[in-house]
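Take this structure first; my questions come after.
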Amino acid sequence: MARHDGRSPDQLRPVKITRGWLPHAEGSVLVEFGATTVLCAASVQDSVPRWRRGSGLGWVTAEYAMLPRATNTRTDRESVRGKIGGRTHEISRLIGRSLRACVDYKALGENSIVLDCDVLRADGGTRTAAITGAYVALVDAVRWMRKRKMCPGDPLVDSVAAVSVGIVGDTPLLDLCYTEDVAAETDMNVVMTGSGEFVEVQGTAEGVPFARGTLDSLLDLATAGCVDLTRYQREALA
Amino acid sequence: MARHDGRSPDQLRPVKITRGWLPHAEGSVLVEFGATTVLCAASVQDSVPRWRRGSGLGWVTAEYAMLPRATNTRTDRESVRGKIGGRTHEISRLIGRSLRACVDYKALGENSIVLDCDVLRADGGTRTAAITGAYVALVDAVRWMRKRKMCPGDPLVDSVAAVSVGIVGDTPLLDLCYTEDVAAETDMNVVMTGSGEFVEVQGTAEGVPFARGTLDSLLDLATAGCVDLTRYQREALA
Amino acid sequence: MARHDGRSPDQLRPVKITRGWLPHAEGSVLVEFGATTVLCAASVQDSVPRWRRGSGLGWVTAEYAMLPRATNTRTDRESVRGKIGGRTHEISRLIGRSLRACVDYKALGENSIVLDCDVLRADGGTRTAAITGAYVALVDAVRWMRKRKMCPGDPLVDSVAAVSVGIVGDTPLLDLCYTEDVAAETDMNVVMTGSGEFVEVQGTAEGVPFARGTLDSLLDLATAGCVDLTRYQREALA
Amino acid sequence: MARHDGRSPDQLRPVKITRGWLPHAEGSVLVEFGATTVLCAASVQDSVPRWRRGSGLGWVTAEYAMLPRATNTRTDRESVRGKIGGRTHEISRLIGRSLRACVDYKALGENSIVLDCDVLRADGGTRTAAITGAYVALVDAVRWMRKRKMCPGDPLVDSVAAVSVGIVGDTPLLDLCYTEDVAAETDMNVVMTGSGEFVEVQGTAEGVPFARGTLDSLLDLATAGCVDLTRYQREALA
Amino acid sequence: MARHDGRSPDQLRPVKITRGWLPHAEGSVLVEFGATTVLCAASVQDSVPRWRRGSGLGWVTAEYAMLPRATNTRTDRESVRGKIGGRTHEISRLIGRSLRACVDYKALGENSIVLDCDVLRADGGTRTAAITGAYVALVDAVRWMRKRKMCPGDPLVDSVAAVSVGIVGDTPLLDLCYTEDVAAETDMNVVMTGSGEFVEVQGTAEGVPFARGTLDSLLDLATAGCVDLTRYQREALA
Amino acid sequence: MARHDGRSPDQLRPVKITRGWLPHAEGSVLVEFGATTVLCAASVQDSVPRWRRGSGLGWVTAEYAMLPRATNTRTDRESVRGKIGGRTHEISRLIGRSLRACVDYKALGENSIVLDCDVLRADGGTRTAAITGAYVALVDAVRWMRKRKMCPGDPLVDSVAAVSVGIVGDTPLLDLCYTEDVAAETDMNVVMTGSGEFVEVQGTAEGVPFARGTLDSLLDLATAGCVDLTRYQREALA
């Protein structure tokens, strides 16, 4: 099966990671997976949420959103509708959990880092691009903190990257763009550490339930994709 | 490792499925996984959401909620706070997607079924109990519709059940209760069809990322659990 | 006039009070007035609202809600609509005021008790069943507190029960079920103490305004009904 | 017991009813019960709510609110807080029900009247002043409609007035001002028709539950007060 | 061009300023610009918003709103809709900024004054009437504070008044009423101090963009109008 | 007075207008005034708001927002807070009014254009950059429509640009950056057409009220600035 942009089934789209995109943020990254473009900002606060105070532990959280015209047709603003939709909530929580997997709260000290991931252009894989970019912004924020001696230790114990995989017309594909995502019978987002372990596995049968063998081949594909993304992250941070 | 209720690692809690718990609902089930108790109501509407009108296709959706004192300590009502939290949104969406996996929209005709899953008592596994019970309520609602000849065909193409699995102290456990869930390093919810295929796989590293081998053993455990739950569903519906 | 369930005009529906329905709540009761079923949970907090702090006095409050399919046709969730309706507000306030009538705030100490009354099945009289059940849950919560020596004295100075009465086709009826409630020209909810005094009297002319004589006969009927309910409460608590 | 403004226990405060206070409203009244001042506006719409369409019947509804500085200390605006409080909801519903008691929906035709009751100055009895004034505004709106031949018949079958009564230091008092209201052990709002029947009776034990005899004496007092208010309404409308 | 109320183009409507309209407010004014009637209440608080605490400086803020039937046709309440509209927000902010222009925060001490401006009757120029009346209420509140020695100095450094001007059919007009406002091609609100300087200039081309010469003539007209309004304020305060 | 970036008082910051930044939007522009960066998207809809239907006239509206980390310190999301703030409302309304000043609704036909202006990086002048960029996006959207023959005529009758001016330490400055904006005693935003007339003039005395002479000199400065911006727009569109 030929992919409309000529990629092989196990090939990522061109990945571009631009650091320091925002002049004020402690860490900021414009990450591109093909046409998908996400602006990731890491903001440091020298305090933690109330339920965490006095624990000596830090916290990392994330908020995901889309600009109204990131998509094909205009989407109404959640601020105007007065509430956040289920999809936004779900992805914000996923990004937060994923990033926390590589953080040592004790070494972070009683500080918080908020990761804002705003999708400027959407073409599939916005949540995986967000996680992959947010990790780089997080590293920059941690470096900023360590330069100011805000952390008792090194809060980063690993790296984190994410990619989507799916079955389109019986073929397992890596890093789906929007049209592939719509066509996929099964859709999976996989978050992995740089050391090759799983942080999140979220597989959904969009149309037809999938067999264990399918699941296994998708996990293989995602594992390889995350290895590549980890390399891109390292190069960007070098 | 001994479980505090004496179960073996691959054993479900006692499952109880009581049909017809609500006098007015087209389908209703009180489902119990040990102390976890969820009231599942299926409400039939002879219309579909606006974006679906004129398509000849039906729709199935779900709403999940917890009573304030289902839990150890009281939780504020989302109606009083004026908005639905991320966790509630996420679980409602999961239940809806899971049930839709066994529905033939065309055979359902332009009708909707809403599945309300309200947790009366929470002791871990509320979302998996909800999915397992909601399927039985859905069957009753479909039978109610077919008696009234509302459906062009048989809308149910398979059954759906769900169970949680996790790693506690290196041991993979089936159907975690609340204290096990809190202690788990890795936590996975698996939704499967009666014919043994996957509908949803959601695995999360709560503390430590997990290796592929761990993932595989959890999937094995969940598969066996879903087979048992499918049998309980059939018995309840007989 | 014959009532459709064969009751005499001055007869209550079968009343069932099940204590300890929730494993975690300090007090909990499943109360049934015929088909009407309300789950009442009493939650103890060792603090009071801000405006009450430092006063040495306690506080009791209540929240009422209905599950979406407690009723004949599905009702949208107030959490999804994002706001609480007028009827819910009104009944929550009524329950709170009613229960506070039997509480000695000083003897309660600076503690709060929240009474959550969730209607699982609705067939008329949900607010009066809620008050009658909530009183029993309140007693259990107070016993729990006194065992832990949280209260400076005995906070319960009396008991409280409630019943609805109404005029249907010129006949005054006790404890209206849903179809009677809809048919009633006048509808009254009466809350009384165990010692036979009034806490709340709320009478409403649904169709035709009512004369003083009608009001008097309804009050007589309600008084007798509350005596019976008080006896059921005592038996349940024995 | 002497009342601080020299009234006898069964005496109303000075009542003033000014019609036509708003230049645009179909009916409008500034009603004063002593220092309590409520602006009542009746707005006519040639349509009914959706659930009423095609029935040939009209509808009457009410909304009550307080200006932030009507009270002793400033109250935050409900528009700023983003939601309507329980008290506001409750009183709006009471006013609507009370006014509907004197309306023949069929004679009104498929038209609606909204009664806006905004408290400009509050000194106790705002809801009873609102009902009493809103009736007069309603009459003016109905006259306006009949002049334009909008109604199939005469929609007003009776008049409606309301007054508060209460027990302060063992004495039953009519038409409580704010300081009396705060001191009252029992507090009752009574809505009656011009023909002397009850529309609403809402009695609440603020401190001590009350005996049947107390209830009877309060009802007597309120009945006399409503007779006086009905006369004031007639004079204002003459 | 003749104005429908016979005014000359540079003539204000009759202005009436009634002080002490609310019995409880520290300052209150009913201000009338022709048929436009605004109730302005100044509420003193012996605290400041959190971001201002410990600064030794005071704060002045304002909230503007319209009663639902102040206008020709009924407007829905913002409290019922659950949010404040853009126009309300904008005018509240304008009133606050305007009044703050004549306040010395240091002399005010760490106290706040809230100015509530509620439009009872609207016939154009509600925001300018609100500013003009709110200034007088502010003076009364400050006098009340100074009598109680709450302020370290005299917080009022000048007076503030406001007026609208606009071009209707090529003629610059002062103090537009509603029908003129609707017909205006250009519309400007000008806020000035008693000493003749500008606090706010807000000009909007409703239909056709305007030339510099037009702008100049409108500013001349507004300047003269504010001189008159300042005189009315002084007379009211004498 | 030297400006910290070396500009002369009457000099704009470097202006950059990048068209076609979003692949899906009918018109889109990334506009930069120095470090201030705003993404402007124009979305075409072949319908108009309800109040406009059947009129044959089109409509143009705008929504303004800031990304959370566009600013020095992180700002909470309005979607998370559940409501839009006053400043956002005010600026959205200003942008909409400004753009409508150059539109012929009849030539637009019954179509709408929504202009989304999202601030990616904020350094003062975000609303004026938004207006200036939105005009270019609007032109592209109109060209897109005309190519598809959606418009009965040419909907653009002029161009629109905007700039801020202010007094800092007695010197009138053009196009204030953030630090200048904070230091300004008087602050004015001016919107002008390409033909040199005024669309909006909004002047605010931040600290000290300003004299007529100051106002005049600021208007001169803004007029010159808008001439330059109009030229940049033309070059970008060439």
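Letters A, B, C, D, E and F mark the chains in the order given here, with residues in each chain numbered from 1 onward.
Simple rule for what comes next: a contact is a pair of C-beta atoms (placed from the backbone, for glycine too) under 8 Å apart; a residue touches a chain by one contact, two chains touch by 3 or more.
These numbers come from a predicted model, not from an experiment.
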Labels of chains that are neighbours to subunit A and to subunit F: none
Relative to subunit C, chain with the most remote C-alpha centre: F
Relative to subunit E, chain with the most remote C-alpha centre: B
Fitting subunit C to subunit E on CA atoms, where both chains share a sequence, rotation angle to nearest 5 degrees: 120
Centre distance in Å when subunit B and subunit E are each reduced to the mean of their C-alpha atoms: 59
Length of the line joining the C-alpha centres of subunit A and subunit B, rounded to whole Å: 28
Interchain centroid distance [CA atoms averaged], subunit B/subunit D, Å: 50
Junction residues of subunit A - those touching two or more other chains: 82-84
Circular arrangement of chains, read from subunit A onward through subunit F: A, F, E, D, C, B
Subunit B to subunit A touching residues, read off their complex: 83-87, 89-90, 92-93, 97, 101, 158, 188, 192-193, 195, 197-205, 209-212, 215, 219, 223
Complex contact set, residues of subunit F against subunit A: 22-25, 28, 35, 39, 41, 43, 45, 63, 65, 67-74, 77-80, 82-84, 88, 114, 116, 118, 120-121, 123
